[in-house]
Amino acid sequence: MKKIDLDTALRLIDGAKKKALEIKVPMDIAVVDAGNNLVAFQRMDGAWLGSINIAMNKAYTARAFDMETKTLAPFCQPGQPLFGIHASNDGRLIIFPGGIPLKDGNSVIGAIGVSGGSVEQDQVVAEAGVAAL
Amino acid sequence: MKKIDLDTALRLIDGAKKKALEIKVPMDIAVVDAGNNLVAFQRMDGAWLGSINIAMNKAYTARAFDMETKTLAPFCQPGQPLFGIHASNDGRLIIFPGGIPLKDGNSVIGAIGVSGGSVEQDQVVAEAGVAAL
Amino acid sequence: MKKIDLDTALRLIDGAKKKALEIKVPMDIAVVDAGNNLVAFQRMDGAWLGSINIAMNKAYTARAFDMETKTLAPFCQPGQPLFGIHASNDGRLIIFPGGIPLKDGNSVIGAIGVSGGSVEQDQVVAEAGVAAL
Amino acid sequence: MKKIDLDTALRLIDGAKKKALEIKVPMDIAVVDAGNNLVAFQRMDGAWLGSINIAMNKAYTARAFDMETKTLAPFCQPGQPLFGIHASNDGRLIIFPGGIPLKDGNSVIGAIGVSGGSVEQDQVVAEAGVAAL
């Protein structure tokens, strides 16, 4: 099974950065491994300071539940089954787009998290990172 | 590029206080620099104790995303794209009016945060602080 | 009984800053009131970022126990009666010099905390703040 | 004045990694900018998970006090002037070798933090990172 080693993480971040440059939105980008521990993080010049935490936690969340953070969003709204979950895990869960699990076949081997633009922009940059896997 | 040094921060706070006195609402007022580190804070006599934290975190939030905290508000409501973001950044994000980034041309060089009244009052006092820049 | 209102806090900070300028060590300076809530904080240009937290918490500690933080130091060493106390109060206690309670007669009405140099320098600047009371 | 932008941070991390490979100890390496905000982080394959936090916080500490974390160590021991400081700054201060401020002339423009081996190994790898500046 593939592992998210440092070289792989950096390749994913480079893929994400290329897309971020293309859409002209500087991003914070984080990659975690199968153990949900940070492998690499980069803040592009001019990217939001508040997105350092969010990029890391999008990656954390995607591996925490083995699903895209955008998938969580509808279930976490008021009145929905998981409302309130964002305050669990010591406040580390992010319940909007930009975090995507990394898979080898059906196995989740890590995750990428991107923050710095609109959630649509974050998502497309995260997808570009995954495509580099 | 201008820097938010202590003299500048105190001038902004004085501008904000003048407006707070004018509208007769005592305020907590905080100023951070470009690195999002606190430069100065003042609690006017009679201002809410709970606003000490909120004023500081409004300034933090405005610099964290280089936008007014009031701009964040609609995007962070239930059902909206950033719902749940207020639990990120270790609970330091404030997603209602009263935090404004400080700019030199297009560069964000710091932020001011005001809390102590209605959000409309907080906003107008924060704007008076910015006007003193 | 005197109260540590904002004007008083700012006068104390000015007294402390004058001494800091005299000894040529930029300082972070905080003043709390009788309720141990922050009234004012200033970071002099060039003062340590890590001292923002410490200055505030020296003031907090001095009011928390109504004694100078330097008085606490010997009791908090390994093998001494209060060893370990620095981890209490959510990590807000500082057990070395630079925090001094403010008194009106025998009543503690607040505290000042100074950080940015050696503990001797912090202490002398805090004392200059108290002298301005 | 030089800035610790992303390219610079990655160059420093590469310099540190080269030394880590040479001494055959995988390391966690972090770089912060002048505002003490994380710019980049990398965990080398096999590096300790517990060092993710420590590498980041060594960089944080070195910028927080504009000095090497090894300089802090003797002053923070039991019976010494700063004993207990490690519990301040929300538990983010690391008071042993491996964190070094980055300077442009006399100005501190950021810091590097390294963790993963003995403190001597951490220090030599951090120094190799600084040498790449």
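By written order: A, B, C and D. Residues from 1 in each chain.
We adopt the following convention: contacts are C-beta pairs under 8 Å (C-beta built on N, C-alpha and C of every residue); 3 or more make two chains touch, one makes a residue touch a chain.
A quick note: this is a predicted structure, and the numbers were derived from the prediction, not measured.
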Equivalent interface to B-C, taken from A-B, A-D or B-D so that over half of the residue contact pairs match: A-D
Pair joined by more contacting C-beta pairs (B-D or C-D): C-D
Whole-Å gap separating chain A and chain D, where each centre is the average of the chain's CA atoms: 25
Length of the line joining the C-alpha centres of chain C and chain D, rounded to whole Å: 29
Geometric centre distance via CA averages, chain D-chain B, whole Å: 31
Contacts with 2+ other chains: residues of chain D: 35-37
Footprint of chain B on chain C - complex, ascending: 5-6, 9-10, 35, 37-45, 49, 52
Contacting residues of chain B [partner chain D, same complex]: 33-37
In the complex with chain C, residue positions of chain D that touch it: 36, 61, 63-66, 78-79, 81-85, 87-91, 93
Touching residues on chain C, where the partner in the complex is chain D: 48-51, 53-54, 57, 73, 76-78, 86-87, 91, 93-97, 118-119
